[in-house]
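Look for chain A in each of the two complexes below; its partner is chain B in the first and chain C in the second.
Here is the complex of A and B:
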């Protein structure tokens, strides 16, 4: 498991923007190297705007499309696909000092609900995570859309989903001394944006959750509601502010942090697939 | 005034009244069709268009025939020049204009100012015929025109390169263009043009040498280097010099007046017709606004699926996805090509592009494939959800664009005669949030293409949200909803009929609907319309216009058994029936008569079929339907014929009343207040009839119409176009109350 976590360690502590992707048509894992070649030519062509580009030639941006076989829930899931763009430093092209400028990965953790009924020509990788400049996201996304006839859509996280994450991730046991659970609320209908940050000591949050949760390993909507209501009433007692009237915009825990705009940061490799499973479910929800 | 169409032209079930529906000739993609003609729905502007067309034609004739050098101040020349300029900038020039104008401009007949103005107005509305470009190159070779005009022509050619319909002959002129390189002024532009034209076979050692010579003479120029680098790309062994790897811009933008004009024209044409837009324009949509890369409605252009990997082919020799002979969709231009290549055609890389390509829609129609449908489904589903202007917060500024998209999708549904499930789901998701105003006609048209399914949750998804909007919106909204529900019913019935037809020859029934399920769904729709109609009539106090739309719906309902072979007949609710029967409007009353006549024909046929028992009937109409019909017919006959509206009416919600009670109202002659003479809807006819029959009579005495006069009056009514009344009386009255005929004549 250590080797596993090392291989996915680079995914941690980075901000990833979330997208949902409809099934890829005629995508084949056997052709990843060709995809790298074609995609890098496409990027070069996009940047040169109409001038001829040689496929496979030496280009400014190097593209690597690889597979991340560790990132899946079950054998029925398609292995995750990682796309990395790195630039060669133009000062010394021979030195091949490469710098990672953009990365994005497609994944599917326990996405049976979607993949089950799909014809063979489709590959189900409904969740796409991106770190890097939007301009590259646009080019790579466009290429995938053109090549595999799929659609990308930003995956935003509703307050409802965020409160689920708050409850679920609080319940996860983390070994190291971890940071506090923090919830950020925004107050609507004000001339100036007002954010309320509500930090709860990890032990306190866990203790509260333990009293709320009835059967370990199982979470119900009712439990999530009770957990949040407890936090809200505690806050009200001290500050006389009804948090239930505001909008939950960010949840930050020792496991991961999530923002309503669809941005996520993973903190613990042991819970990586768990978080991805939830995100996969949300992505599938958006495309079905 | 009278609705006579339903009698003159018997509607066939599959006959489409919609102009959007399958018409091969209209969909043929002709590269050279006049773009003006492909612009649809422009009737108010037709006149203006015609005038402009004429003056443009005259201008072309003038320029074609003009022989000698004409003075610049010539008023005729000025007039035609202005015509060409203004039309070109507004809507672009039709393909046939380019030959004429290029010939004039490059032949040196006129002064340079005229030539320049002509060249500047060469804005294509659709395509530029290759011939015209070829002949202008020949003019260039004889150098009749000045250097400035030559330069301007080259700049124009570079700008409009993508608009030239074919390029084969142009490629054949590669050597000519290459020879122009020696002109120092033209060199940069010729290089740019060659860059656009060069193919691998054009790269020859002598050309490389020539370019290197030029470079030695003129120094390192970016345009020469660009061409050289392209040559090197094609044939690295021929170009051995090292070229700088990075270059900011190889070519200066050929600054010309055309780009802006082309964009304006393109946008204009796009607005006017989404679907008939020439294909090649689809490759680059105007991207004036800044939006996120993935959130923009752009229907992709059809392009061949390039997802075939060359390496793969070399390795395996067999490529599953593409055989070598597959026909590229880009080349598909007309219907005969489609027929010839249908076996080796492949769907484009992005299925969304079929929306703007009617030929591919034809192909899709005969090539049913699950993954094709799925790809289209996902694309449309995501686009609709993402671009919906009332479901997504920041989208409201793009309403026009979304409207166009919905329109295009709707036209596709009409073309395929089939609703998309993505549109259905979109409706269900977005209707609860809809204000009933944004993109109204498009959304309501979507309703009419909801697919027919036997087990549907259509009530909670469609009827409930629709009823909320319906009951709280204006009269016109109510009418439009009724109209689209009528179309929905017709589409369902058509779908049912076609399935009946195809059931015999196809072993797989594609729609998993059972007849009873189907009957239930249709009945549910009719009951829903009956309910909202009743409520709406009360809300709008029996508005004539609303009644008209309601009756239109029932005109389809009353004929379902005979015309669509569906064993279901549902009578209109009393709220609708009595509103028409006792209303003030003769048009609606006439239509009700026709509808009741059709109900009768359907019911009689059903009864006959039932009695003869030719085939075992799975369904038969319940006695309730017959009873309902009989009660209505009694009320109608009482109301129109026997003057016994208050006595004979046996409907629980009817107008049966005691004589005692009626006497208390103190209305004189209440008995005769309802018959074809005195009925409020008919009284004006009776009045005019009396005036005609007794011109000298100053007092109006309706009681004069009786006996033979009654029959003559009837003939008069029929002549006035009350055909519905005619078929009703001929079918229902004479049989039911032959005896009462003479009696009623005595009233």
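Here is the complex of A and C:
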């Protein structure tokens, strides 16, 4: 398990933008080397066309497409595929260091709902996470779309989704000292926009959740609603403001943070798979 | 002229919006009108600043003179800095006659006795506001002109507004110097911080239109309306409610513009209470929370919540007390022995 966390440590504490991806046609894990080569050539061609504005003229981009065999739910899931772009100065390739400039990974955790009905030629990797410049994301995305006939869409997170995450992740046992459970609300349509950050000490939030969550090993919508209502009432009691009338835009906990624009940050490797399972589910929902 | 001074003047001029440069140089008064005529203020800022430096060379500007330009810039654009509010007190009732020369002498002496390398400048403005600029050095290095602290001391009041530099370690020395120079006994920081210096001054000196501290609910009016006008009645109720909200807002916030604050912070250590039917948390210990409100204009934003249907009117006194308590940091604990709904904030 330790080796596991070492391999996935680079995924932690980075901001990942989320996309849903439709199944990839004729994708094969056996051809990752070929994909690296082809994508590399594609990027070089795009650079020549002058389309890649942010890529410096002096930089060579090296592409690595690898598999992350431990990042999946069950054996029925396809192992995660990682794409990394590194740059090296083309002027002095031997002297300059290789710098990681962009990472993107496809993954599927407990994606049976989508994968079990797919024809053989399709690979199910419905969740895509990106860290790096938008211009690279566009190029890599275009190549995947052309090569595997798939479709990328930004995955946004609704207040409904975020409430689930707040409740679920508050319930996870973590080592102390642990960050508070923070909810961020936005009220944009006022003459002067307002942001409210409401952070609850984790121990106290867990104490509340423990009395709300009644069925072991299972979380119901009702329990999430009661938990959130309790927090909203406590706030209302003090400030006379109805948080339910505002927009929940971000949830931050010791386990992970999530933003409504579809941005996630993993904080604990032990819960990485759990969070990915939830995100895979949301991605599949968006695809169907 | 010292190269560092030249560079400092150049960088200060670059900060000023192009349309304001000439006015600010005139206020500065270091360059003559004839010299200012020789500068083309319509060219790129880079070139303007070079020209200004060139003119300053002719008069061999010193760092003290350059510092005055910095004060003038900060006085015009105080909102670029974060200001904290301090209050001084003493036991004697009598107010000494304020002597600016004496103040300056004592202030400089106190700072210099602890730290030889400091640049200290004073400039007096209207309303008895004294602006003090301090650039800090160390026993071994010259003062860093880019890491300055600013103090705005209103000499007829016990209040000072301080914008410390990133070198926070100098703050206690600065506070001491203030106390000594102004003949007070001690100084403490108020729980009030903002970028808007004017708003802080408004709040501390009560220069905004104040609200009434008590809200008296007006009695509901009886309405005897027949069934067929139920629709009309609902519309009328909505109008009545809207008007009530506006009225209550005026009562609690006052009529005029609100002081400009960007945030308010509340550390809550109150009990969690809920409907017993829910069978949730029933701990006898505080439910610890930290609530932060952020807005480009917080008080106006809060004022607009009830009309937008997102809050009750009147809004909680925890929020409406901000201007007249002149604070935006709060620690809230449960009031013991009284109604569970009441809070005390120390």
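To be clear about the criterion, the second predicted complex is superposed on the first by the 272 of 288 C-alpha atoms of A that agree within 3 Å, B and C clash if a C-alpha of one lies under 4 Å from a C-alpha of the other, contacts with A are read in each partner's own complex, and residues count from 1 in each chain.
We take it that a contact is a pair of C-beta atoms (placed from the backbone, for glycine too) under 8 Å apart; a residue touches a chain by one contact, two chains touch by 3 or more.
Since the model is a prediction, treat every value here as computed from it, not as a measurement.
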| item | value |
| --- | --- |
| Overlay on chain A: chain C relative to chain B, clash or fit | fit |
| Contacts of A:201 with chain B and chain C, given as first, second, both or neither | second |
| Which superposed partner A:119 touches (first chain B, second chain C, both, neither) | first |
| Touched partner set for A:147, first chain B, second chain C, both or neither | first |
| Touched partner set for A:177, first chain B, second chain C, both or neither | neither |
| Partner chain in contact with A:217 - chain B first, chain C second, else both or neither | neither |
| Degrees between the directions from chain A toward chain B and toward chain C, using C-alpha centres, nearest 10 | 110 |
| Chain B versus chain C as contact partner of A:234, first or second or both or neither | second |
| Lowest C-alpha to C-alpha distance for chain C against chain B (Å) | 22 |
| Footprint overlap on chain A, where chain B in one structure and chain C in the other make contact | none |
| Parts of chain B lying in touch with chain A, wherever the complex brings them together | 195, 226, 229-230, 233, 245-246, 250, 292-295, 300, 303, 305-307, 309, 311-312, 321, 349-351, 370-371, 374-375, 378-379, 381-383, 385-386 |
| Complex contact set, residues of chain A against chain B | 19, 22-23, 25-26, 31, 34, 51-52, 54, 58, 90, 118-119, 121-122, 134, 137-138, 141-142, 145-154, 287 |
| Of all residues in chain C, those that touch chain A in their complex | 266, 268, 270, 272-274, 278-283, 286-298, 300-302, 304-305, 308-312, 314-316, 318-319, 332, 341, 343 |
| Contact footprint of chain C on chain A as seen in their complex | 180, 187, 189-201, 204, 207-208, 211-212, 226, 230, 233-235, 237-242, 245-246 |
